[in-house]
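Pasting a structure here, questions to come.
Going by the order they are written in, the chains are A, B, C and D; count residues from 1 in each one.
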Amino acid sequence: MFAIAITLLIIEIGVPHVGEFESLFEDLVHLWPSYLGYAISFLVIGTVWANHHNRFRLISRSDHILLFLNILFLMCVAFIPFPTALLAEYIRDDLHRTTAVAVYSGTLAVTAVFFTLLWLYAAVDYRLVDRSVDPSLLRAMTRRFIFGMLLYVIAFALAFVSPAASLALIVILALIFVLPEPDGSRGPRRIRRRSVGG
Amino acid sequence: MFAIAITLLIIEIGVPHVGEFESLFEDLVHLWPSYLGYAISFLVIGTVWANHHNRFRLISRSDHILLFLNILFLMCVAFIPFPTALLAEYIRDDLHRTTAVAVYSGTLAVTAVFFTLLWLYAAVDYRLVDRSVDPSLLRAMTRRFIFGMLLYVIAFALAFVSPAASLALIVILALIFVLPEPDGSRGPRRIRRRSVGG
Amino acid sequence: MFAIAITLLIIEIGVPHVGEFESLFEDLVHLWPSYLGYAISFLVIGTVWANHHNRFRLISRSDHILLFLNILFLMCVAFIPFPTALLAEYIRDDLHRTTAVAVYSGTLAVTAVFFTLLWLYAAVDYRLVDRSVDPSLLRAMTRRFIFGMLLYVIAFALAFVSPAASLALIVILALIFVLPEPDGSRGPRRIRRRSVGG
Amino acid sequence: MFAIAITLLIIEIGVPHVGEFESLFEDLVHLWPSYLGYAISFLVIGTVWANHHNRFRLISRSDHILLFLNILFLMCVAFIPFPTALLAEYIRDDLHRTTAVAVYSGTLAVTAVFFTLLWLYAAVDYRLVDRSVDPSLLRAMTRRFIFGMLLYVIAFALAFVSPAASLALIVILALIFVLPEPDGSRGPRRIRRRSVGG
């Protein structure tokens, strides 16, 4: 499902229709907000995908509340192409930029909230996490989730002060969460099928 | 295929084009029927997906009639984005609301009928179900299917009386069918790959 | 890839925009060629999918010519949503019906030709098929492929005489190829993961 | 993800709306740049897919830099439907043909650069490649990557001289990279699930 949401991003970018005496090259350059939106959302969804994949390897049992929280979380992820298209359409528009960036960062903040709830529900008191997982590792991960969620909420608040700063924070967050996680392992590990493949 | 149908829902929501002196925020609020349709259909397809996955684990053999019924059932599921877009377009329109909700709930009712036929074909006399499955469990599941199908048919009939009540019943049904099934197990179970993942 | 092509069919059906004094119900009825195109293509792709899946279980080796033929074959399958939309648009149009049906049936005929080439390349002299496969079974399958290909070519030729007869033949062919294959087994068989699932 | 990007190519081709006294057949013939773009991009993505699949089987470990490079590489692949639609729209337009072909070949060149970086990062000093892989095989593959990358860069440069020659080179490159790789094996090999399936 992540693979589909991430690939659908491209169909929100329409081919420009060049008027007479216009340059296709300039029209394409003019579309930069679409490329920017594509790149940011691709990075964000890609990062969330890798993290979701890694977290779910630790969750060894399932119940209906987890399933329901997961549907809500995936509902947010699959929604991302819409605010991305909105961002691309209005980022150059002084009147509507704040709204577009707030909706975009707000969507990511809500996604982060559901992802954190999903994790807390599974991890607290080892409800659905394997008993063999190190308690300190579990606490480190929970801190990482809450920390990430708060930063996405800050990115949302920042949209009303400086839309550019809000987007910058979102890119930084995606880059941080691609970085190594506190999973005890150092350096390269054995590859896991489907986690890095296409 | 469920993953694709569920993710395609988002591309039915178009970015609003704000007129002069209008507010993007108000335009986005005005799009609420699209978000509502997205959320309901996501929930419905997500629930059907989880149930289809769970039911097919019990079906241990296959034949061409099952394959054909399954194609008809999937044809209904993949069709859902269309009535969802219809619902979003006409739910605010007094003249056409009844038609839109009737088509939407009618699609779900037909989907439920094919899902039930699929189950009955496989389960009656253990035609394609493993002999090791408890008969009382099988009967409980069959009751659940017929009960669900009848309620979706009632949701369709209700569309002509009160479209709002019809949609409310559909949401309630999706929430009910995410709840634990009569599969004998209580509490959390071992996770099954792909059943809760993205 | 079949799952994606089959699910994409729905986004070719646009929501009707009802004019004043018009009925949404009548507009939806008026869209019947879209539903018909959706249903036929869904059935055709679903049947091709099941057959492709079953044939590839017999092919035990691979080489680059097979890979290349397979890419050409999949290129045809993924193309089907386009002639389907064409069919839906022009089936009611006396001037253009023949062209639309000819393009539609022609696409299916070309797809059948590549599918048959794929099979012949793999099966002749057991080039890529396991030696343990019964020779008479192999011959029966080759006959079935050539028979099917010829009938799709006839459906294409028929489009110029009677578009309705051409479409009727295509539906009949899809229903025939969902029927049991000459694989020696009678009655239900053990289910194969992913072959009947969604 | 390759499967989705490759299948999405078709929805960039819109059904023509025939004017009065026009022929649907001529309108469809007039769409040849769309079919050409579809066929070239399908072939390119299909070939990249097969190669990516084969290369990743040699990469036995993963780290976050590989994951990040892979996200950037997939970002390029998922972007291809956009320059394909651009190519189809402007290939007949004398004023804009060069720009369209340059953007198209440039996208493929950037994709090739990231694919090569991905490989170099993994293969140099056996960083993430299994020690059991033959050093001369590894060197042959690295040469193949660098050779391919340079040829895609040449295709990009060629777009400014002769757009037709640039596209011809791209087709030739796709056909070359479907050919057997320097993996030591000669002739048919055992099939690998998912490498040739749909």
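Criterion: a residue touches a chain if its C-beta (ideal position, glycine included) is under 8 Å from a C-beta of that chain, and two chains touch if they have at least 3 such contacts.
Being a predicted model, the structure only gives us computed values, none of them experimental.
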Shortest contact path, chain A to chain C, counted in steps: 2
Magnitude of the superposing rotation for chain A and chain D (Cα, nearest 5°): 90
Remotest chain, chain C as reference, centres from CA atoms: A
Gap in Å, rounded to a whole number, between the CA centres of chain B and chain A: 27
Between chain D and chain B, distance of the C-alpha-averaged centres to the nearest whole Å: 37
Where chain D touches two or more other chains at once, by residue number: 4, 8, 11
Chain contact graph, described as a line, ring, star, complete graph or other shape: ring
Chain pairs in mutual contact under the definition given at the outset: A-B, A-D, B-C, C-D
Residues of chain C defined as touching chain D within the complex: 1-2, 4-5, 8, 11-12, 49, 52-53, 56, 59-64, 66-68, 70-71, 74-75, 77-79, 81-82, 85-86, 89-90, 95-96, 99-100, 103, 127-128
Residues on chain A engaged by chain D in the complex (per definition of touch): 3-4, 6-11, 13, 15, 18, 23-25, 28, 38-39, 42-43, 46-47, 50, 178-180, 187-192, 195-198
